[in-house]
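Before anything else, here is the set of structures, which you'll find just below.
Below, chain A partners chain B and then partners chain C, in two separate complexes.
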Partner chain A sequence: MGFSARDALSEFWASRISKLGVALIIVLFAISAYVLASYPLNFGTQYWNKPQYWADYPKGVPPTWTQSFSSVRRPEHMILTTDVSQKKTRGNMLIEFNINFDLRADMFPQFTSFSLYKLTFYDSPPIIHLTLTKPDGSKIEDLLVEAVPFPSSGQEPPYVKYAESPLRIYLPGSPAVRNSIADYLRTEYGSTLTPLEIRNMGIEQFMFGSPDESGAFTNVVEGTYNIRVQVEIFNEEDTVESVKFVVGGQAFGFMGTDTLGRDLSVGLLFGFPVALFIGFITSTLTTIVGSVLGIMSGYIGGRTDNLIQRISDILNNLPQLPILIFLVFILGQNIWNIIMVLVVFGWSGLTILIRSMVLQAKQEQFIEASIASGASARWIMARHIFPQVAPFVFTQMIFYTPAAILAEAALSFLGLGDPSLPTWGQILERGFQTGAIFLGYWWWIIPPGLLIVVTALCFVFIAQGLEPVVNPRLRRMR
Partner chain B sequence: MRLGRSLLIKALSLLMVVIITLLLMNVILGATGFSDRMLSALVNEQVRVYRQGLLGTISNPDEITRIVAEYELTLRTAYGLDKPWIMRLPQMIWRVMTFDLGEAKTSQTFTGSTLIKDLIAERLPKSVLLITTSVGISALLGIVVGTKIATKPGSRLDRFFSNYSAFSYAIPTWWTGLLFIMIFAVFLRVLPPGGMYSAPPPTEPAARLMDLLWHAILPISTLVLALSGSWIYLTRTMVLNTAQQDFVNVARAKGLPENMVMRRYIIRVAAPPILTNVILGLAGSLGGAILTETVFGWPGMGLLYWNAIVTVDEGLIIALTFIYTLIYVIARMILEVLYVILDPRVEY
Partner chain C sequence: MMVLKIRDLYLYYQTLRGEVKAVEGVSLDIEAGEALGLVGESGCGKTSMSLGVTRLLPKNVSVYKGSIELEGKELMTLSNDKFRNEISWKKISMVFQGAMNSLNPVIKVGTQVAEPLRVHLDMDEKEAKAQVLEIFDNVGLPPETYDRYAHELSGGMKQRAVVAMALIMNPPFVILDEPTSALDVSIQAQTMNLLKRLKKERHIGMIFITHDIALSSDISDKMAVMYGGHIVEMGSAEQVILSPKHPYTQKLLASTPRLRSFSQPDFIPGAPPDLVNPPTGCNFHPRCHMAMDICRERDPPTCYPEEGQRVECWLYGDKDE
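Up next is the complex of A and B:
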């Protein structure tokens, strides 16, 4: 013996991988703390798994930083809001909003959408007109004309609409937009494209492009665009709170988006605390159960020993993944079920190891002395036996943490994750199911997997660094 | 004689594992009300079909209601739904033990059978092919590379493989598979992204075999990458431990050639503990294979498992869990026999 805690620490700190592991784990904890402080706990159900929330995000586009490696300039994602309006009269009274934006890219924007917030009116419902002016001065008049429906009978003025959820129009899906683009093309270029053909070709090329020699709209018109929103009103007191125009980018954020438009960086960040939580809770519970049963098995012996050993024999003789699949499927896809099943099937290996260590420790003379002086079995197990196996138990706990994280990821990948808690495994499962690998959406596949690997590795490193501390034979060999 | 007895005891204890697993599975199914729900759904479906059939022949609605109620009652009795689930346990276990596994909801065999028994019979060989090949290659790599690096502990190669084993522990098998598909099938277009044969498969046997090998490269590499790391490292550690023993020094002192010392004195002694670890690692290989089949669309039982999860096919999941347990137990038994042959000192 003669090996103090301080020696152990310096022994641990001496190896390079321990330092790396500790540094990594500090980063993981810092990110998790940030996420826990800034995310709502119901993030999964309220935001991540709600397609409406992601409607105005571009679908399946790479991260913006990929731009620096590419010769094709992708348009950036623009969310343009304004509440600055002017009242005008031109025949009727108008509330006018003007939105200007710069487009400099070699690709057309992915989509456009228009939203209007909180409309209050007193007489007839207003009519909304959208006009797009290109940098070259050509105009698509009345690109969108939307008549606000009449208030249902029984309501009294002022009528308030779109207060809770805005009026949102996805321009590529609107028949009115197709028709006005067809009109625009006919008058401007004498084109005979039908609205249906325009939809199939994609309306963006006509909104943001100009024709080349062959008449195909392949060139992006670069420069400053103007969107004019005119709300035709029939009472002076009518108001509109604000409007929003989204130009869907072809690149987004730090990690890109999936095909639902979800910002992957947001989901990946949320995965940090979830992975650590699953890893730590599972490994702690597993080592507690494993060491308590192992100590009991080794120290008490007899029938207790027999029973515990038989049970762990059976558990050791089962293929883990099929049983996990079965149990999680039957008990329900809930994080606590997953953790419980991992614990129930995880303790047996540790118990067998601890038992053999306890059998050795039991022979020590000071334990015989304790028994002779009348100490209870429970006291001896807690005070004399446990401290001897504690360092080993601690290493095992560290070593089991990545196993739990990996097991959860595997279950999630098979579609058995807890839907209310997004994890890296679930993001990968969505990617796999959507065919992201065949679409070449590497940003959907590589980052979540890398995060799993890095998190698992950091615990493996620490466990490896702890090994020579716990196992004196290795210490001498070095 | 003694050898036979110890193997028999092992076989019996493994059989007990199968029976206890089945018992526990069924207890869980019963206690959670799952089996009641499943059987009721089955009865309701049959009753519905029966009622449809009667509608054409009998016009009196009261009469139909009466006959249908009677039929439902007989069905419920036949399925044991009139009794608590615990009374159905022996019957349920017997059905599974005799491979009376019911029908799958959506999956089919090539010949169109939906019987789970047929499905498993069709898929099992494909899974076994994948698993045994990968395990074989990994074990071979483990022994060859492991003993090689054990001769020079601390060398650069040794350090490389110790890191490699840490990485292969931390990298999810299925993610490696996804990366492989993306790199080799989507970007480089040199290997097929999945499946077992091209569509349509070549008819000529030699070409067919080549096609199979062509499709097997990625899934097998994925599994080997996941499995070989720990096996190389384990072999190395075991060989290293044995190499430090006195009798090895004695053998060297006698002037025996080095490769004979390695073969006869070191590997022979280190083999049983290595095999023990292979046995313990088997569960991992089976799990890895389920995920690998899913990723590569390899039409084995792992893919079937995934289909069952996606289509919420309870019967199929239960049957596959049982079959996997059975395969695992059988594989363990084979390894136990090997173990006894390798290490005659073993007694149970």
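Up next is the complex of A and C:
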């Protein structure tokens, strides 16, 4: 006869669907805990929405694991750093760095970039020369020549530059690079391409390719490349800490990147705790407001009842999404505003249900007995009425969690998300706006969509498992 | 010592059909340690009267007047808040019809019995538990009942828990509204013995509401018979049972089947009066086998045919007055 907490638990555990739900939610929580422990809380503003941070990442490339299904070998993303230098004298004094890398692919790298860290000089500013040597031995001399600007007046030697942020040169964007490639093509192949044409065709094919019969640079020259960085200095004590050369790959990471070069796996991971946070806070607040107002409405009755019920009728009949858009637009795109608006429009349905349950419960004799014993209305509502509706409230809370997550995703998708927190909805929205669907960037659209669905489903599973606990009619006979 | 003194208590309800005159001019006295058995058929105003005394009034009450004195203190002039804080359960407690429904199924029995202590005396759970266990012992419930839920108890145990709840504040006066209905006979006997013992030990004044005259006579010192919102006859239990004066009481007693007797139980023709439009004169005259002309015209007088016996009937009154 008795239905203890243990019975409830075993009833819940008996269904396969609740086991699945619990397993899923444990995974969700584990990932969230990991993210919270390892990511800074200001991840959104500090990293995610800062294009500079993602500059050296490839733009809009698929995950690396897609390679195993593809016949075309895409070049890997390579970040090559070295601080090993030699001092040489060739006319002038030189600091020389050598970077070697292997390129084996059927596609050209997406881009190349060069960075230099912490330059210290005493007299004239140094001049940086970059030379690329292809595996077949042909060289692009002085691919890049960059003169470090003079220190501003008033500074005393030693002059330190590029200490906080490095000197970074994006090779496809540099006119000097175009010019030297044009020179290289003229002397090596007798080609007459202008620097502008070279830019439009993409400099990578000339840096990493060789011409076929028709003269087009379509073949990737495979083998070991060498980048020589020579810093021409005018004082023996001048130093360079390190240099970096990035060969932009055509595949990246576990989840690929978006068109800003952001590593989607990182953004998707950060979405876990955000989604759970929004879901839990919203559903908790909503059920608290809904059940408190519902109990008051049902138990106190009269004018209070009328007022609460009319307000919830109005809220129920307003089209929610346009109002949500309107309010978030007015109040500002802040996560708390979004939660608040979701709560304000979420409680009314629950209130109506709870009220009808309370109307029935308050007719019971133990309520009358409690009134006779002098208990106040508040006491009765808290001690006698609430326990009657508590199981229902609890399942409603779990049911409402996915609704809140989906609502936030919908708002984000409409561009009304909190910009300081990356969410799955926002990643979807960026993808959609950039035309990821038409460009075929499936890795930008499918994973966030799936994660939203799976998270919502996980709560639905748990709520389904709880139903027979709350509603004895659904219990299986054993 | 007089515990409860009611004078001319009126309680009317406003309904869509009109005003229901549920209690009309009821007066009665109860001494400390005395039980008054209040009998009458359904809808005669027994429960309304007890609600009037405990002030558990429904929202549609239109008339509520008269005088209720508890231990010499007038209750009718007290504000609702004051009544709730000082009188409810501390001075007047109640055992409701059907013990089963008086216990909240989702709260532990002990917690519920302790509720008045927590509400009125602001006791913490530990103190309250000690008191509850004491009263449980008194009513014959084992201590482990404290942590049980209502559905885990038998009918008799539930009844005891409800009685324990009524007595937890040690009130001088308790209203028992059909406390034994829906119990089987052996449990009924157990409960009655318990109530009799508690009445003696604790010296509590009681109103025992029932429609079972035999049961009522078992515990009552005094008995009152109610009909159509009036107390038509009141006296000591012996007087009312052995020499009933009012025709209604006589008929009521005659309708009770007797053990080892071949006489057919009698019945009362007609139906209880409609309290929205009560008959003129005596409420009982349409069903009365001894009705006279005057009964239809004028309200019956209050007569005292015997010492301590009060009857509202023209049979004993001076018709020429």
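Throughout what follows, the second predicted complex is superposed on the first by the 474 of 478 C-alpha atoms of A that agree within 3 Å, B and C clash if a C-alpha of one lies under 4 Å from a C-alpha of the other, contacts with A are read in each partner's own complex, and residues count from 1 in each chain.
Just so we're on the same page, a residue touches a chain if its C-beta (ideal position, glycine included) is under 8 Å from a C-beta of that chain, and two chains touch if they have at least 3 such contacts.
As the structure is a prediction and not an experimental result, all values here were calculated from the model.
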After the overlay on chain A, what do you see for chain B versus chain C, clash or fit? fit
Partner chain(s) touched by A:Phe69 [first = chain B, second = chain C, both, neither]: neither
After superposition on the shared chain, which partner residues are touched by A:Gln320: those of chain B (first), chain C (second), both, or neither? first
Dominant toucher of chain A (residue count), chain B or chain C: B
After the fit on chain A, how big is the angle at chain A between chain B and chain C, using C-alpha centres and going to the nearest 10 degrees? 60
Which of the two partners, first being chain B and second being chain C, lies in contact with A:Val453: first, second, both, or neither? first
Between chain B and chain C, whom does A:Ala372 touch in the aligned arrangement: first, second, both, or neither? second
Applying the document's definition of touch, where does A:Glu364 land relative to chain B and chain C: first, second, both, or neither? second
Determine, under the contact definition given at the top, whether A:Phe438 touches first (chain B), second (chain C), both, or neither. first
Just how close are chain B and chain C at their nearest CA atoms in the overlay, in Å? 19
So in the complex, which bits of chain A are touching chain C? 1-2, 364-366, 368-376, 379, 383-384, 387-388, 390
Can you list the residues on chain B that touch chain A in the complex? 13-14, 16-17, 20-21, 25, 28-29, 32, 34, 166-167, 169-172, 174-175, 178-179, 181-182, 186-187, 193, 280, 282-284, 286-287, 290-291, 294-295, 305-306, 309-310, 314, 317-318, 320-321, 324-325, 327-329, 332
Using the touch definition from the top, list the residues of chain A that touch chain B in their complex. 313-314, 316-323, 325-327, 329-331, 402, 406, 409-410, 413-416, 428, 432, 437-438, 440, 442, 445-446, 449, 452-453, 456-457, 460-461, 464
Quick check: in the complex, which residue numbers of chain C touch chain A? 54, 56, 84-85, 88-90, 93-94, 96-98, 101-104, 106-107, 112, 115-116, 119-120, 149, 151-152, 162, 165
